[in-house]
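Okay, so chain A shows up in both of these, paired with chain B first and chain C after.
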Partner chain A sequence: MGTQEILAILLNSLMLGMLYILIAMGLTLVYSILEIVNFAHGEFYMLGGFTSYVFFSQLHVNYFLTMLLAFVLIGGFAVIIEKLIFKRYREQILPAFMVSLGLVWILSESMRLIFGNWDKSVPVAFPGIIKIGGLSFSVERLIVTIMGAILIALLYIFIRFTKTGRAMRAITQDKDAALLQGVNIDFICSIAFGVGCGLAAIAGVLLGSVFYVSSTMGAPVIMKSFIIIILGGLGSIPGCLLGGLILGFIDNFASVFLTVPKVTIITFAMIFVLLIFRPRGLLGHE
Partner chain B sequence: MNNIVLRKPFPHLFFIAVALVFPFVYPSEYAKHVFALIFIKIILCMSLRQMLLTGLLNLSIVSFMAIGAYFTAVLGTTLGMSFWIVMPLSGLTCSLIGLFFAFPVLRLKGAYFFIGTICFAVCVQTFFSNFYVETFAGVPGFTPIDVPHIKLPGFELDFMSHLSYYYLTFIIMLLSIVIFYRLENSRFGQYWKAISFADRLIETVGVDLLKSKILNFTISCFFAGIAGSLFAPLIGIITPHDFDLLFMFILVMFIVVGGTDSFWGPITGVIAISILAELLRDFGQYETIGYGFILVLALIFMPKGICGLIERFISSKKEVIKTPN
Partner chain C sequence: MKKVICIFTGLLIVAMFGGFGPGSAFGETLVIGGDAPLSGPAASWGIGQARGVQMAMDEINAKGGLNIKGKKYTLKLVSYDNKAQANEAASIANKLIYSEKVKYIMVAAVGATGRAIQTVTVRNNVFFSFSCWGKMLLGPKKPLNFRFGFSPYEMSDAYVQAVKKIYPNAKTIATISPNDTSGWDGAKGDIRAAKKLGIKCVAEEYYERDQTDFHATLTRILSKKPDILDLATSPMSTGGVILKQAYEMGYKGPKAWNACSMASVAIKIAGKEAAEDLFLCVNWNYLSPKFTLPALREAIKKYEDKYKEDWDYYGICAYAGAQIVFSNMQKIHSIDPAKVAKAMVANQPYDTFLGPVVFGNAEVYGVPHAMLHPLVLSRVHNGQLENMSFGLHPDLAKVVGDWKFPQ
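After this line comes the complex of A and B, so read on.
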């Protein structure tokens, strides 16, 4: 295997890692603030993919505008779902999980009924390859990777430096104390849910043009994001980054040498071994 | 004496009698097939609910059902063993596998447990689709599967017909319901219910938390294996796709609609939804989305399920009788 192949795999795993992190961070944000596990998170990624199919591929809207549209539309839709359904299940993991199981099938089946069974392809946004020192990279994958990194950084800045972000961190530390300090918990919960799902939708737009768009594209992604947050520890953002990068690299490097089913089994086996020794994940806490 | 039949004999005996007479009153082959499937789903839902007593939603029940089904198919058909030996063996194998799986997974709590069991379910499905394809027949599915038969001197019975299979599944379902009932009202049942409220507290009064959870887990795995073992000859072909997350989600919907708090909830849920689904057969392509809506609406509007509604109705009537003014 030459340098070219190794670098291509590296870029690929970095790209997938970044997008998995983007999705998993939304999931972990929802978990730490609403204290629910949203199994329907991958379906928001799927909805993002369909947004890019409708707006970018059919209506020829600008690529970056499509991303913004996906964030606003799907994020807004997520806020409505939070207000209607998840609001009553805050801190109740079991019923919230069951509701999200129902949502998975409602969302994916409605998209299947509207758009049909077949995979939709979204045209490549940035065709061509770029050559750096004799090595060639696909422009699109580079841009997707960079966009992923930028969004992760933006989310980090949002949580770290804005007033809303501070309120979010306050809620994760102590809900009652945050309430006493005048934090509007309902508002923060909606924002967290909307932002988390909106980020998943953007990931859907980014990956929709790299792969394809279908109503079942959410299922594998939600499993991967769960693996990431288990690896890193639920509710831990650094853990999420670490888990995403580990999974991205394992996925890509193992796929080169082994078949996909073997990779799946190895990944899950790894999770079990980890859970035996560290039930809270690599960087998780109580 | 905490006996299921002796304490309140009439409603149970009435339903058993209805179920026994049903095939003769309504002699449709398809209906018998559907009811045999319903009985299998009841066993699965009961074992799902037994695990839920401890507050844990075990999403790997379908994988244990898959293990039971493939075990029956391979041992019964490929190796030609008798169904009556293979069925208990597949239950025992499932509880053995469950025991190994239980040690890591039962140390997890809440969300981690759900995800851990989903991971196991995906692993099992991947295993049966891609590994040892010459034994398990991979994605196209294992077929044909030998039906159980009894061969005694002077007496021979083949469970080929839907009628005989209806009674076979019915009897095994009744046995499992009795066992589940006795277990829930035993000392262990009390432990399990207590675990869902305060697992740290129960350790301080001298209950081995992990041991009682493992007991619960292996028992529910055993019955999932039995259900899978009954499922395989009834359908005649088993594919990894039969045991996917959609089926798991449908089982969860059954127990939610029936009511997770009540012992009879899973039975009510399975029968109500399955009959509804048969009546709405013409809208087959909306089946999954309909199940999704049923689950979400049931959780929002009747979190205690149908059994919760019935109990509330009965208790409100009793209050009216007690206070006539």
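After this line comes the complex of A and C, so read on.
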């Protein structure tokens, strides 16, 4: 295999890694602020996919506007879900987990009832292939990679430099102290949940046209998200970034040289060993 | 007066419940089971078959039901979604047989699930017809199993030969197929057929059914520079993604896909350019006057009017197969699965909308229980299917001689 092929693999690994990070960051944000594990997080990714099918594919809405709509509509829906369902289970991992399992079925079966059993195709948003040094690259994948990176950067800016983001960080550090400082815990929790699920929805829009949209597309993604947040460290956003890049590279790069079952074994073996020697993950808190 | 009302009410209740139970004066219901993927990438196979069997049932029910020795049977289909998972398929089969008491399961797809289902149907003497691939699904120890529609053992030789005629310089082939029974069968069938024609297999790749990104796998395959890329048993949506990604990675050569039974789904996902020069043998242009019968065109129009979408090949075969099953039930005046199975082989050939049909290929399976009909090769050009040629399996040719499509 030549240098060019390796570059192509690295680029694809980066694309996959970026999108895994986008989804996993939402999950880790929810955990770090609400202290619940939302097993239905993958379904918000699926809802994002269907948003792109409805708005971009059927109603011919501009692609970037569709992304914004997905974030607002699905994020808004997530806020309602948080208020109605998860609010009473904050800091109760097991009940929240069970409830989110039920939500998985409700959301995926609802979409199946509404949209039918067939997988849906979404037109390519950025058609074309560019050749770099004899290698072919899909324009769509390049743009999806760049969009993924931009969104991760925007999330970082939001958490680091905005008032709401600072409030979120305060809650993760010490909830009681944050409350004493006047932080509206309820409001921030809802926003965090909405932002987290909104990010997953955007990832659904981005990947909907790269692959296809189906009511079952959330399940494989949630497994990868959990691997990332465990690898990176529960509640750690930098850890999520690192974990996502590692998983993206192993998943794609190793798959070129090894079969998928072997790659799966390696991935889980790596996590197993990591959890023995560093239970908090690569960059998790003590 | 009160007494009269009570007696009348009692009689009415008895009539209501007695009227709709087994052995009632209003006739019985023969429940046919369906255990197939009705969602996910393999849904086109399950949904198409369920609708095909339902259409055949509707035809019978419209005429008053099945008439078996003067007793009328209304046909009813009960289908469950096994999501192409073997454990779900076995669980559903148990439910159908033990709770719903079905003696016929006539909707099933995906080899691994077929194997799971037959572990229950064989020991309960239940008639089991399917499109599932896998050599072990038919055999002397499974006398009530029938396959409706081609598997690689019926079509690979003719199919690969037809592709080689169009690309005589093709020397190498690479296959990519799901990592289960039907996936292995599909890939190995085409590899075997290719080898007979001097085409060497340079890559044989298998993937798990929930895989969505194939960049890494295709990097491995395309580095071997195959002349033909064979998607073997890939489901529609997954195959569409593979075609798209192969095109994005620079592959523009011919593609073969022996399980592509509903190309429109794959073409929508892949795009016209990526699907160009895709050769198929279980999906052709059913509305073209070339290599089709008027009755097939009528059946397709009826389906498309009702469901507003294309019909999967295995659904069409399930429709034809169900018509054969029900006609034999009426002919021999029995719904006993064993008797019906024997009659299906004894009463052939059948004149169907697909052309002449026989059940054959005993050379491979030990029993002649694989449906054979004229095989039509088609090619995707500019997003549309073009019918190119047709052939007859040797077992079919033995019976119908040099039968041809009326032109």
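Here is the rule we go by: the second predicted complex is superposed on the first by the 280 of 286 C-alpha atoms of A that agree within 3 Å, B and C clash if a C-alpha of one lies under 4 Å from a C-alpha of the other, contacts with A are read in each partner's own complex, and residues count from 1 in each chain.
Here, contacts are C-beta pairs under 8 Å (C-beta built on N, C-alpha and C of every residue); 3 or more make two chains touch, one makes a residue touch a chain.
Since this is a predicted model, take the numbers as computed values, not measurements.
Using the contact criterion defined above for the overlaid structures, shared-chain residue A:I230 touches chain B, although it does not reach chain C. Within the superposed three-chain model, A:I265 lies in touch with chain B and out of touch with chain C [touch as defined at top].
Looking at the shared chain after the overlay, A:V61 reaches neither chain B nor chain C. Of the two partner chains placed by superposition, only chain B is touched by A:R88; chain C is not. In the superposed model, A:W118 lies in contact with chain C only, and not with chain B. In the superposed model, A:I276 makes contact with chain B only, not with chain C. Of the two partner chains placed by superposition, only chain B is touched by A:W105; chain C is not. In the overlay built on the shared chain, the residue A:A219 is in contact with chain B and with chain C. Once the two complexes are overlaid on the shared chain, A:I9 sits against chain C while remaining clear of chain B. Looking at chain A, you'll find residues 219, 259, 261 touch chain B in one structure and chain C in the other. Chain A makes touch with chain B in their complex at residues 31, 37, 39, 85, 88, 93-95, 97-99, 101-106, 109-110, 113, 219, 223, 226-227, 230, 234, 259, 261-262, 264-265, 268-269, 271-272, 275-276, 279-280. Taken in their complex, chain A has these residues touching chain C: 1, 5, 8-9, 12, 16, 112, 117-119, 121, 124, 127, 129, 135-138, 140-141, 211-212, 214-217, 219-220, 251-257, 259-261. Considering their complex, residues 55, 57, 103-105, 107-108, 110-112, 114-116, 118-120, 122-123, 126-127, 129-131, 245-246, 249, 252-253, 256, 285-286, 288-289, 291-296, 299-300, 303 of chain B touch chain A.
Taken in their complex, chain C has these residues touching chain A: 38-41, 43-44, 47, 81, 83, 179, 206-208, 210-213, 215-217, 219-220, 223, 236-237, 240-241, 245, 247-250, 265, 268-269, 271, 309.
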